[in-house]
Amino acid sequence: MPLNADPNAPAKLSMKDIESAADRLKNWNRWGESDHVGTLNYTTADDIISAAGLVRKGRVISLAINLDNNGPQGGKTKFPPVGRFNPVHTMLRTGTDAYSGVLDKRGIRSADDLVLLPLQAATHWDGLGHIFYGNNMWNGYDCREVSSFGAAKCGIEHTKEKMVGRGVLLDIARHLGVDWLDDGFAITSEMLDECAKAQGVEVRKGDYLLIRTGHMEAKWEAGSWDGYPGGDAPGLAFDTLDWLQEKQVAAVATDTWGVEVRPNETTDANQPWHWICIPIMGLTMGEIFKLDELAKDCAQDKTYDFLFVAPTLPITGAVGSPINPLAIR
Amino acid sequence: MPLNADPNAPAKLSMKDIESAADRLKNWNRWGESDHVGTLNYTTADDIISAAGLVRKGRVISLAINLDNNGPQGGKTKFPPVGRFNPVHTMLRTGTDAYSGVLDKRGIRSADDLVLLPLQAATHWDGLGHIFYGNNMWNGYDCREVSSFGAAKCGIEHTKEKMVGRGVLLDIARHLGVDWLDDGFAITSEMLDECAKAQGVEVRKGDYLLIRTGHMEAKWEAGSWDGYPGGDAPGLAFDTLDWLQEKQVAAVATDTWGVEVRPNETTDANQPWHWICIPIMGLTMGEIFKLDELAKDCAQDKTYDFLFVAPTLPITGAVGSPINPLAIR
Amino acid sequence: MPLNADPNAPAKLSMKDIESAADRLKNWNRWGESDHVGTLNYTTADDIISAAGLVRKGRVISLAINLDNNGPQGGKTKFPPVGRFNPVHTMLRTGTDAYSGVLDKRGIRSADDLVLLPLQAATHWDGLGHIFYGNNMWNGYDCREVSSFGAAKCGIEHTKEKMVGRGVLLDIARHLGVDWLDDGFAITSEMLDECAKAQGVEVRKGDYLLIRTGHMEAKWEAGSWDGYPGGDAPGLAFDTLDWLQEKQVAAVATDTWGVEVRPNETTDANQPWHWICIPIMGLTMGEIFKLDELAKDCAQDKTYDFLFVAPTLPITGAVGSPINPLAIR
Amino acid sequence: MPLNADPNAPAKLSMKDIESAADRLKNWNRWGESDHVGTLNYTTADDIISAAGLVRKGRVISLAINLDNNGPQGGKTKFPPVGRFNPVHTMLRTGTDAYSGVLDKRGIRSADDLVLLPLQAATHWDGLGHIFYGNNMWNGYDCREVSSFGAAKCGIEHTKEKMVGRGVLLDIARHLGVDWLDDGFAITSEMLDECAKAQGVEVRKGDYLLIRTGHMEAKWEAGSWDGYPGGDAPGLAFDTLDWLQEKQVAAVATDTWGVEVRPNETTDANQPWHWICIPIMGLTMGEIFKLDELAKDCAQDKTYDFLFVAPTLPITGAVGSPINPLAIR
């Protein structure tokens, strides 16, 4: 039984609040004038060594949904169209070609294939070129650096040796005793602290933070992705931006389409949390993470940290990347 | 200065030798009648725990080339066309749209993108649906399981929780004191053993074995990928199949287009080593790995093993996957 | 008000009937052993000269639906998946890039674009490589001529100077006094003759025959393409194959997804009319033609023939082509 | 033997000349404030009727090159990259699938296919959204109307019932007694007049004007497209803009990559003729037209006009369209 949204919800955000957050949380130039990766800088070599020490039972858990025509982009949505579609996979040569003998003149029977892939279609990282604040992108770069030629600043290829560190799961749904949080349920900083405390885990500088709402399981239960892409969903409250800034996490990801709570806490902006997270704070976010199996495994051994490895595909100038994030426990 | 090809090259292979290898090295049913991942099964949970222990200095090295129009598919080739092309990256929304104000009615300024990606175009795993032996694929499955609908058996999605383990680099070029091996240079089992011994590293069951020829550096030096895709190259001799079978490695990868030596050791077949490796042994192979940085780092600290994580994108029914393999040291 | 399906429907077809039709209607070798275009051969130079004479008022009517994300491939279907999706159009450079000044270093402000286009997604010709009868395609060629490398026989490029001739519209729906025919309504040879007679038009050798069911208007009225792709529909009865053979038309097209009536007249085969039409008779068919405007114009001036020009895109080895067919009146 | 470029070439153009032409040739609002098709408006119904009367021998000649991997985008170029590549054609189902029996559960043996197609890659129309003058596009619309969402003004779909009329070929190369014009050869208004006079043909209002340089044949002779895309080429001189304006042609096309002469007549702008032709005059242009066969046929019967039909694919919001233009004689 899903939990009802908080009846004591905070007063609506205004554009002033967003602007104030932009002033308060701005990390521009924190890592130099030519930085491309923002908070991914928080993770140190020592953090990686420590994280490797969290591999206790040798189990690898994938946090990716499969890339195929059953993906969330087929779900109905009221969000203004963004041009994403489910991945299209086609073959360039096949075993049926082989069986038919048409490959034999080549001296080898082989199959190849091709994918047409919107980078934000399934489990993915949003790079720092994904969201703009006014005419600026991360680090104060001019937003025109991201043109039809791709991202001349903050292209995802700059992260190709990042995305390794200590992963921490905060399983908010399980902590609150529900299968999944309701649409519109706003996860606050306080809740994050309480959940971490209850789980006996500490969120530290340089961590890759995964937050489970159960929203994906709700869609599976419904047998349809309708409403998942751009629809109402549980997610992070605007106030968590300060918490994330304080914690100095490397990146944050959830099992929803867009991390933050929807309907948004304001009608002055669409996705106000995004406005700050990426261009102002330089905080990479992950979306459409499949967290059910990891959550079960963590609950079973009451251990919520692990080695996390989620390499981006280094697509030059890309503003995101499809990924297969791994929790190695 | 490149080394000349071995003047004492073994007599040419015949189709009989290939057939004999197929009989000798067949692993079908070794992991049950419904296996999809072959030698990836060799890696155990304990192996993964041990491999995590190899993270000694917290450095992450990417083994991927960037995915863009400068990739190897632009190189000239005499190989019969396989339909691969360099990745095409296009934008779905941009910062120039943002600057122009056309996104503001959406309430958020964001960019998205798209990639058209032949799965074998750049750094990739060849899955077990990639090569057929006669009318069979890995584990004896009928090759018609790989049709225009994709791979109904051995789709790459089955590997989504694999590709984690101990990585070992055998830097043959450096071991032989050259910048790169010559085209046509065949790396034999004996050379692999000698190199391992010289490097002070042991290849073990369940390892991810990376073999450096320096061929990619040769192309960079030439300023052109001409001849890289499907052209002459140094690579593994046919006799290494027995060695790999004996060592029980999980997977093997090189810095060349096709792992094995070219011109091939026979004219009876194209890529004879492939005929056995994938469909008969169930051995996953990696191609177009960028090994220069890893090789330098290994040479510097004289340590040739590390934690290796190279997750596939779980594209349902795919016969391969683009990857960003990471050596975590 | 739609008409009910014929209560006196003929007894169900059996596989024997299909085989018998294959024997009876086989045009293999009629135009030589190396023919690629089948009944398109019927149209002579004189036919084209005469057809040009049908341009009486200088009006051009397009018979294409627009290529975009609102196309029929978004409709729900129970047909086994064929991998078609609505066309995806993306920009390679834009006016917003221009406005942003990022193009000025190029010395010209220009926009380009790209389409990802399943050839059968919208208004299209089905080429003679589209359907097989057993192991044969048109003219008795081996079906393996159409492999992952494309169609080595009957590729659509062979038709690049065809698709010009006399067009004739048979507006069955209007003839029967309904806005559209019901799903499952089978148009028989007799009905075609009656409609032609009532319209005062004769179907002749070498004609391009367009048959209107009103099915597309029914979907517009419903506000959804659900059921259009691969769903129930009015269409040609199996017995029209003999009629088309006798009339010696160059090609036939309708405003439905698949020309023939659905549910099909048999459960022994899917699309039995297709089995004969393309591979046995060599008759090119057009699908998803937008016939509403043409029908109105023909009804108004009571003239049902016109110059018809519907050039294929000469995509080498393709089994079909998207088109913008024009009726020039 | 190619002709040398005119030794009496006019003095270089300056930006002032371009601006002056923009003032002089501006057709904005000539066809109303909401026009999308510009000079295509010149062709009247009577023109179409007359053009149909030019079909004298019933021969159809295609002016398209085939769409495949042998296209001009593979040629070397020094032009700043525009992201065009040769069309990629892949199969969605094949005859080898059929032969292999994997389609039989569907009850029909059929093949489908897919194309990845940059709209400007081969024979195509440039729509009125293709080029901008300052911050304006055709008719004075704001260039931001062409964003990543496509062209909200002047999308190619607006031309779906255009591109039919009288075609006229001016075969400049043949007129000058050469196989092809030299790179850098500028075709002037005077030459167009002389050629028309020599050919005994008059260019009239509403015509579709095709101008042959022989440049494509030069590339065939060389056995390579190198230098074709964006390289030096014969083509229209800047002064022909006034001539075209006076003649009131509907559209103009050539057998080169970019219609106008290259090197351009100025270094102040790239493609100065384009700056005026599309955004200022609203004149649609066609590129990469294959004119060799048409030219032979015209020379043979000394008749240089014909019915011309070159329908666009109505891709919503596109700035161009691949085409198979037909000369019907």
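Lettered A, B, C and D in written order, each chain numbered from 1.
Everything below uses one rule, namely that a residue touches a chain if its C-beta (ideal position, glycine included) is under 8 Å from a C-beta of that chain, and two chains touch if they have at least 3 such contacts.
Only a predicted model underlies this, so the values are computations on that prediction, with no experimental measurement involved.
Asks: With touch defined as above, tell me whether chain C and chain D contact each other through largely the same residue numbers, more than half shared, or through different ones.
Replies: At the contact between chain C and chain D, which are copies of one sequence, the residues are largely the same (over half shared).
Asks: Pick out whichever of the two, B-C or A-B, is joined by more C-beta pairs in contact.
Replies: A-B
Asks: Counting only Cα atoms for the centres, state how far chain B is from chain C in Å.
Replies: Each chain reduced to its C-alpha mean, chain B and chain C end up 45 Å apart.
Asks: Quick check: how many Å separate the C-alpha centres of chain A and chain B?
Replies: The answer is 28 Å.
Asks: Could you pull out the residues of chain B that touch at least 2 other chains?
Replies: Correct list: 83, 90-97, 99-100, 102, 114, 116, 144, 147-149.
Asks: Tell me, which parts of chain D touch chain B in their complex?
Replies: Within the complex, chain D touches chain B at residues 69, 81, 83, 85, 88, 90-94, 97, 100-102, 116, 144, 147-149.
Asks: Can you name the residues of chain A that touch chain B in the complex?
Replies: Going through chain A, the ones touching chain B are 44-49, 52-53, 55-62, 64-68, 80, 82-84, 87, 89-96, 98-99, 105-120, 129-135, 137, 142-148, 150-151, 157, 160-162, 164, 269-271, 274-275, 307, 309-320, 322-326, 328.
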